[in-house]
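Shared between the two complexes below is chain A, which has chain B as its partner in the first and chain C in the second.
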Partner chain A sequence: MSNWPANFMHALSEHGLDSDSVQRLKSEALEQATDHGLPPERVFGPATAYADRLARALRSTTVPPLPASGKESVALRLAGVSKRYGRRQVLRDVSLEVGRGESVAVVGANGSGKSTLLQICAGTVKPTSGTVERAVHVGYVPQSGGTAPFLTPSEHFELFAAARADSRGRGIATGLQLAAALGWRPRAKQPVGQLSGGTRQKLNVVLGELSRPELLLLDEPYQGFDHGAYVDLWTQIDRWRDTGTAVLIVSHMLSELDRVDRIVELDAPEE
Partner chain B sequence: MPRLWLHGLLELCLLGLLEEQRDYGLGLTNRLAEAGLGFVPGGTIYPALARLEATGLVSSAREPSTSGPPRKYFELTMAGRHALDGRRTEWREFSRSIHAVIGTKELT
Partner chain C sequence: MQAIAIARATFRELSRRHTALVMLVLLPLAFYLARRDIPFSAVVVLALGLGWAVSTLALFSTVNALELDGRLRIAGFTTPAILMGRLFAVMLIGVALSLGYLVLVIVDQDVARLGGVALMMLCAIVVGAPLGMAIGLLLRRELEGALALLIFLATQFMTNPEKLLARCLPLWSVRAVADWTMDLGGASWLRDGLIHAAATLAVLLVVIAFTSAFRLRIHPPHEVLGDDQDVLGPVGFDRPR
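Presenting the complex of A and B:
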């Protein structure tokens, strides 16, 4: 005999819901089951699966839109960007624009310079020629790395929030909220070095979004994600786009490309 | 059979039923069944209601019931009414196109 209410509550808190909400949702579920005159497993199905659906439904709240800055609707503009390392030409004459409220994917074979392009967009690598214009507030989510193993997730939130004149407390609150949107509830004292690769990537995604950037750059940000987290990430991408953020994502996941507004394909590397 | 079609339309149907009158989960389940839309399991209908509430299209209130534990009643908000109007128009146009494609003679 399974303990449906206990399993349900456990699964809800794993999804990042606070204990008040968990209690309330459990009472409601049991009341509703009583209405139906059936045990909860007959009304809702397995506790874990139902918690998963409910938690996802509750996350559908909308992100407040970015304040409209009337001046410029383009958040990123590359014109004739080329990059060579020594004799190796990595990028040749790439031009692209990403507007606010638009999502653009960059695809291309391995070695076609996708990550280099994103680093150029972020400003961490200089192009050999060409120009880059970008919005002031940029979030960058690398493929991996970028986090400090001895700090906790909350310490990361403080650190990244401090970079933009945010109060530290708000950084943590916002960070925890964004983590919950990816179905992750950081444990208070756990250093990042002890997290799984997928969870470290969730931290990277949260850090990229933390200061509500105008331009968000994502470099295959879902390494190690399970299917649920992957679905949540794409939902988040839609949400950022719909609330006025410009999103540029490097992706191998060709099946999701119908979700973005435009696709830029880079040429295969020269032999 | 209806379950396959209902996927994607459940929220619209719930908004429609709630416009008619506020209701609780079991009441809505019964009304959907009576309307010929089949039995919608609790694992589907309650998350749909939660999504409508999270996006502000319906509001809820827990009220004591005469026969048992309190019940959570749902009702349409102003935003819900607007959303229903918009989606109703979209659905009307879409279903008209489907009828034209599959050659339904006269329906509504």
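Presenting the complex of A and C:
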């Protein structure tokens, strides 16, 4: 038999709630269950799922949005972009635009060049032909990797904050706030190498956002996410968009694509 | 500030790799103990071992950080800040190691010129660190890089320092300064050694500059989209919300 109160408290802590709030919510839940004369799992369902719903409901009112830029303009424009590696054509004649305050999804079969397209947008890969126009400040979230396994999440926040000459304290505070918006409270001394795959990916998302980019490039950023984190990410994408950030997301989760403004489909790779 | 942030992160990472740190200390020490009964040779292999340890450290730090460095470049870090920050951290660790070994030499050996021993170690660090970084940037993989270092440094160990081949290898300066330190050669050996170290350092920095310009390059956009441009683009663009 599961220990519902302990699981509930643990899940709430994992979502970044402080110990007083955790205790209070547990007491309230148990009181309600007692009032109904039923065990809490019968009233609220699984502890982790209920904690997840509660934490998200609380966060939606407590996490302040990023400041809106108030600009309406294009942050990314590709015209006739193609990429070829040797004889292999990876991308052919891709044109797209992403405006500030707009989210665009890129979909396509495996090998259709989605990740290459994002790397071209970020500037790490040069297109064989075509033009790329983009905003100055770009955030990039890779599918995986791109972190230092022996550093803690806070040390990553500190490091990335130096990109924009932010103080170490400000970088850590901003990073922790952004992590909380994804339902994650980093532990002070836990190195990244000891984090689960999903939590490491949350770190990647926070690092992409930390430098306050005008254009955010997300390459299937939800690898290893549980359902709650996945929902949180899309809520976060809505928030970025509402505050004027241009978001380009590579996704294969077609069920959520109604949440973006436009979809760009890449052609299947040549046989 | 960016270079300091990189140096701090590099220190933190290395300080948590306890086993690697122990190995780092043991490598030159093992060489020294193997030749302890031949005083001149013991000090030379100690300094060469230090160069080997430092170059290996730089190699692995560089290769392991390549993905992270790419993200830092996108976030706004400059390539010189990333590389100089890391190089500085590795060299400082090398200096800290060399201080310990210097004490060992003072206690355990009868050396004519102690300053010369310090100079040998400095040459090993100043050349070893950029050597490891250059190989890491060129080859981008740990095994290939470690084997390349092995080729350079093992050959350096085994080649007669008076042969041309030895002079073409990166740590020849250590052998040359050693001859002056042990009173086996005149001041010309010291001069040649220091010139060799400076020239090797210059060549390695050029290699680092060229390879990093390729590896960590952010291709500039054909046009930067600023704040004052039109809302609507030229091709079928929906007005943002």
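Rule of thumb we're sticking to: the second predicted complex is superposed on the first by the 214 of 271 C-alpha atoms of A that agree within 3 Å, B and C clash if a C-alpha of one lies under 4 Å from a C-alpha of the other, contacts with A are read in each partner's own complex, and residues count from 1 in each chain.
Please note the rule applied: a contact is a pair of C-beta atoms (placed from the backbone, for glycine too) under 8 Å apart; a residue touches a chain by one contact, two chains touch by 3 or more.
Note that the structure is predicted; figures quoted are calculated from it, not measured.
When the two structures are aligned on the shared chain, A:Tyr50 is found in touch with chain B, with no touch to chain C. Of the two partner chains placed around the shared chain by superposition, chain C is the only one that A:Thr147 touches, whereas chain B remains out of contact. Contacts of A:Thr34 after superposition: chain B is touched, whereas chain C is not reached. In the overlay built on the shared chain, the residue A:Val74 is in contact with chain C alone; chain B does not reach it. For chain A, the partner with contacts to more residues, out of chain B and chain C, is C. In the superposition on chain A, A:Leu216 contacts neither chain B nor chain C. In the superposition on the C-alpha atoms of chain A, no part of chain A is touched by chain B in one complex and by chain C in the other. In the complex of the two chains, the chain A residues touching chain B come out as 28-36, 43-45, 49-50, 53-54, 56-62. By the touch criterion stated above, chain B contacts chain A in their complex at residues 24-26, 29, 41-43, 46-48, 50-51, 54-55, 62, 68-72. In the complex of the two chains, the chain A residues touching chain C come out as 71-77, 79, 95, 97, 99-102, 122-126, 131-140, 142, 145-148, 150-151, 155, 158-160, 162-165, 191, 207, 210-211, 241, 261-262. If you check the complex, the residues on chain C that touch chain A are 1-2, 4-6, 8-9, 12-13, 16-17, 64-65, 67-68, 70-77, 217-227, 229-231, 233, 235, 237-241.
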